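Take a look at these structures.
Next come two complexes, and both contain chain A; in the first it sits with chain B, in the second with chain C.
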Partner chain A sequence: MRKRDQQLTIIAFLAPAVILYAIFFLFPMAQAFYIALFRWRGLSTNKEFVGLQNFRTLLLEDPIFWKALSHNLVFLGISLPVVLIVGLFVSYALSRKVWGASMYRAVYLFPNMISVVAVAVLWSFVYNMQFGLLNSFLKAIGLERYATGWLGEPSTALPAVVVVSIWYSLGFYIVLFLAGMQSIPTSFYEAAAIDGATHWQSFRHVTIPLLWEILKLGVIYLVIHTLNIFGLVYVITCGQCGPNYHTETMLTYLYRLAFTESNYGYATALGVVAFLLILGFALISLRLMKREAVEF
Partner chain B sequence: MRRTLYILAFVVLISLVIGGCGKKQAKEEGKIVIEVASFQGGFGLDFFEYAAREYEKLHPNVKIKVWGNPRIWEQLRPRFVKGNPPDLTWPGWGMDVWGLVAEGKVLEMDKYLETKAYGQNVKWKDTFYPDLLEKGKYNGHYYIIPYNLNITGWWYNVNMFKKHGWTPPKTYDELLVLCEKIKKAGIAPLTYQGKYQAYTLRGFLIPWAISIGGLQAYKDAQNLKPGAWNSPAFLKAAEMIAELRDRGYFQKGAMGMSHTEAQMEFILGRAAMIPCGTWLGSEMKNQIPPGFKMDFINPPVVKGGKGDPSIVSAGPESWIIPKEGKHHDIAADFFKFMSSIDMAKKFIVQKNTLMSIKGAAEQVKLPPDLVSAAKCMREAKATWDMDFEQWYPSMKAATESAMGALLSGEMTPKQCVDAMEAAAEKVRKDKSIPKHKI
Partner chain C sequence: MGIKRGGSQNKLKKILILIPVEVILIAYAIIVVYPMIWLISVSLKTSYEIFTNPWLPTLKPQWQNFIDAWQRAEIGRCFFNSVIVTSISMFFILLIGSIAAYALARFVFRGREIVHTAFISGMMFPVFLGIVPLYLLLSRLNMLDNYFGLITAYVAFSLSFTIFVLTGFFKTLPYELAEAGLIDGCSHFSVFWRIMLPLAKPGLITAGIFNFFGIWNEYPLALVIISSNELRTLPLGIANLLMVEHYETNWGVLFAGLVIVMIPTLIVYLFFQRQITEGLTAGALKG
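For the complex of A and B:
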């Protein structure tokens, strides 16, 4: 009797969250799968059922989609090693009680506290051809011949945005890793030190294994973040998303299809594909990082 | 004691707020409320507010509410889907207006256009430039009504030209000679709004294609005639752009500039010429330094081309009455009032632009930077607009992206026009997209 009461209480406490989750998340998601089967302008309630046509066109006949996806993968491919290497290095240094560590911690997190739009606007000033910080800097150190319109040149537009994306998100990963490192008992390091381990050895054999779960989380988060990137790209290289779609990503393309080209059904199909891709990539990275968790 | 005072103050505040609202409500009681939603661009909303107050004076039983913002189409879209749109709207450049027309969401205006105009003894229909009104037709009926008018061409820096003894180029050959001189003077001959390639399509490619192949070449392209977008006229126009690019006549870095950044380069005198519409002066009003003078020219033409040199690019900003709006007649009447000759004249003066209403520009003293543009419009044998971008939004991205790739040197002229033709082909093949003719 008491057990049943308890269960009822649990259900009663969980129900509101589950219902809200269903209404605001599961239902729209199911609806997206449904809308993706239609040709719909998104201007009235008229929809025409076209089956899997949208998916077929997207995957087989749409070079822009593949180009956009490849750009997302560039974001992922560059961010991943940078975040892992720089992020781990900096957070390790900060966890070792460097002078001014708490100040650095705040500084690294600063970009994260600014809204994406503000960051994007700031950086488009940095990259400005005429009065941008970057070109002025190059000029000041005598490398004026390398000054260029960073966001307009086909070869620099995408890397320029990738740099901003990393600058923006790195602080988050540093703080994430740092929190993980600080929860590792110092006695482990002391023991390693007594055994004569170097800094590198204790990092490699103590920090990394004990941080593994956090690293996994970081990687999954990075996968989601880079495949889902929108605001930053949209604001920095708005309009055409760079010359000849050079900074087009899946979601900027989705936005354009839905809201300026009135191709809602097709855009929704892209949304579904993006969702499945992100899910797939997340599962793959989980699989690759599978390792016996170390309890401590 | 203090607590009682606080409570008292609180109660007074609340009752003031509620009282205030109640009063407003009472004032509107028994009135017909018309909702007017407008894109808020360089011209703001104040003129529409002003027109609304004037109209209310004539019709005390009507209350007109004007609202708007720079991304208004995003708010209007769900309201159109739901069937709860405003009574009258200019939904801005981000709205797929022709999609709305095709979906039956826009009111047919024929019967209203036959009624008598405000302030003139003619039909409302006859107060517009006919070309511009005809543009809003679908299946033989009027749906989209033009309002203010943008003439697009090139602007040059008058004082800079005077100082160096340069004259504005009339032909492409003159342009090449002039650009060389400007470049030698250490100034960029031309800049452009690289982030939005609609400006370069309108300012370079299309006028030159028209100049070479005649207006028909562009009409064919707009009508999606097979092979029109990569016809010899378009290819030659693209080659001219590539020539300017290769000779270094475009400002370095323009590719990454937004419209305002490029326009800043122009008014700061770092570039001698820029393609832009008649909104330029109003858009840059707060940045233009004292003493700066600019003037308008039609893009230089190609000697021996089929196109008439007077042909000008004229695009109206247009309004619609949503079919599911509640007060069609009053909304139409208010718009008729707004587009009356008197209001049109006031709009020109206050907003420093031209109008789709005939005769308005001739009856007022134009701001100096509009005189030449108005003259071009008056003398034009024909006008053209980038209708295809509104008809087929997918072509907008495709043509603008190809244009960007041409200017950045990633595509050859041939690849550029072939990419545009491919985009046209895609629309042509898609039976679900309603086709338009001009």
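For the complex of A and C:
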């Protein structure tokens, strides 16, 4: 009796979550791999099985896809060194008890809490040609000749968006690295200091090896974040992704394919490719950073 | 003597290192904070003044910008929509998520590992992988462009993370209390509701905070699911205002709208700053 009672309880407790999750999360995720095999335009039954044709077209005949992917890689290529160098420098400084450390940490993390849309709108005005913060700053320090329409110029549009993305997310990595550093026992640093190690040496030989697992995690987050970028680019360039696709990324392209062109099958194939790329990049970075974990 | 001199030299060296470090930290803080202060200052200016005086604070604050944003630009309505969608979603996420997490943490039964893994592995899938199938499904169920569809999607997409956090919390609780309750004749549900849930409060707060930020700020799902003006959430409203105001050039109103979007975020952040930094890193450090 007691046993049956318990079984009923388990079922009742799990049912709402399992049902919602299966229908509205797992099912669409799994279905993506199936829909990607169809040429499917519009909501009608205009749906034709084409096998791997969508993937072939996407990878072999679609220059926009490659352009978009290369922009995602530019994102990753700029963000990775900046986050590692600036992020590690700042978090190391904060971990060594500089004045005001907890206040700095709170300030740096705040952008990460704002809506990506609000960040995008705010920065589209920092970059505004006529009254933007950036151009008026350049004017004020006598560098007016460099003032430009940052988001309209093909050469500056993408880097400008990357800067916003870093401004938005760097605080998260600082908090992550800082938490890792704070779990390193201070006795390690004291021992290094007694041996006469400089700050750089104790950073290089104490912090980095002991932080390795956290660094790995940070790199994975960054890979996922930069390959998944959407809202920032979409809003900041008003959905047009700049002149001649200059800021097009995989997901802005996917959104346009699906929801303005109703090209559902093809857009979903792009979704699957993007997912596999994220998995692949994450595994590669794990592999590259493989190293015996240091226990302490 | 020699040791003492070395000590004061070290101190001097320390200060010489610290000064440039502090300067860099302050410079970075200014880069983070200044755009937001600028935003507030511009939100109180007329469009004309934004062009003629983009830098300095205004002498004649235009509070009218906030009234216009709230009423004419319909930020008030978006705010209302965001409050409804966020609060209802959070209520169901925490309710449904916590009873499921409790069952997964507390009872041993066949299939437990499968269900648990299915929930946790959901954190791997990016929103965009399933976005087209979800859109097609919601359209077939007549759940596009209404609160109900958006809330359902938010609940379903948040369960992975919520169950991950809460299962961890329930596992740390002492179940002797639950046994005692059962012996005293409580049902499983009232044991959960009256004894275990209050004990899991820190976990509920963590899950609640992260779901608040996630849903209050959410953009892609809302963009796909909501299409009518009346149902827009704040991120949709602000993005739309940007595209419309580009033509109408009423910048002060747009900036006032942005300030309105950020206020609840800022308040929650100030209140829960410690839990947020701990929550962000707890999973990472334990994992």
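We adopt the following convention: the second predicted complex is superposed on the first by the 266 of 296 C-alpha atoms of A that agree within 3 Å, B and C clash if a C-alpha of one lies under 4 Å from a C-alpha of the other, contacts with A are read in each partner's own complex, and residues count from 1 in each chain.
The criterion applied here is as follows: a residue touches a chain if its C-beta (ideal position, glycine included) is under 8 Å from a C-beta of that chain, and two chains touch if they have at least 3 such contacts.
Treat the numbers as computed from the prediction; the structure is a model and nothing was measured.
**Student:** Applying the touch criterion given at the start, work out whether A:Glu261 contacts chain B, chain C, both or neither, answering first, second, both or neither.
**Tutor:** First partner only, chain B.
**Student:** After superposition on the shared chain, which partner residues are touched by A:Ser187: those of chain B (first), chain C (second), both, or neither?
**Tutor:** neither
**Student:** Once the structures are superposed on A, label A:Gln130 by its partner contacts, choosing first (chain B), second (chain C), both or neither.
**Tutor:** So A:Gln130 meets both chain B and chain C here.
**Student:** Contacts for A:Gly42 in the overlay, against chain B (first) and chain C (second): which applies, first, second, both or neither?
**Tutor:** first
**Student:** For A:Val18 in the superposed arrangement: first (chain B), second (chain C), both or neither?
**Tutor:** second
**Student:** Chain A residues in contact: does chain B have more, or chain C?
**Tutor:** If we count touched residues of chain A for both partners, the winner is C.
**Student:** Figure out whether A:Phe27 sits in contact with chain B (first) or chain C (second), or with both, or with neither.
**Tutor:** It touches chain C, and chain B stays clear.
**Student:** Could you pull out which residues of chain A sit against chain B in one structure and against chain C in the other?
**Tutor:** 43, 130, 238-239, 259
**Student:** Chain B touches which residues of chain A in the complex?
**Tutor:** Its residues touching chain B are 39, 41-46, 48, 127-130, 148-154, 157, 237-240, 242-245, 256, 259-263.
**Student:** Taking the touch rule as given, give the residues of chain A at its contact with chain C in the complex, in rising order.
**Tutor:** Contacts found on chain A: 5-7, 9-10, 12-14, 16-18, 20-21, 23-29, 31-32, 35, 43, 86, 89-90, 93-94, 98-100, 104-111, 113-118, 120-126, 130-133, 136, 140, 167, 171-172, 175-176, 179-180, 183, 199, 214, 217, 224, 228, 230-231, 235, 238-239, 251, 254-255, 258-259, 264, 267-268, 271-272, 274-275, 278-279.
**Student:** Across the complex, what residues on chain C touch chain A?
**Tutor:** Checking each residue of chain C against chain A gives 17-18, 21-22, 24-25, 28-29, 31-36, 38-39, 42, 50-51, 54-55, 96-97, 99-100, 102-104, 107, 109, 115, 118-119, 122, 124-126, 128-137, 139, 152-153, 155-157, 159-160, 163, 188-189, 192, 213, 216-217, 219-220, 223-224, 234-236, 238-239, 241-243, 246, 251, 254-255, 258, 261-262, 265-266, 268-269, 273, 276-277, 280-281, 284-285, 287.
**Student:** Give every residue of chain B touching chain A within the complex, in rising order.
**Tutor:** 73-74, 77, 80-81, 94, 96, 99-100, 102-105, 194-197, 252-258, 261, 265, 270, 393-394, 396-397, 400-402, 404-405, 407-408, 410-411, 432
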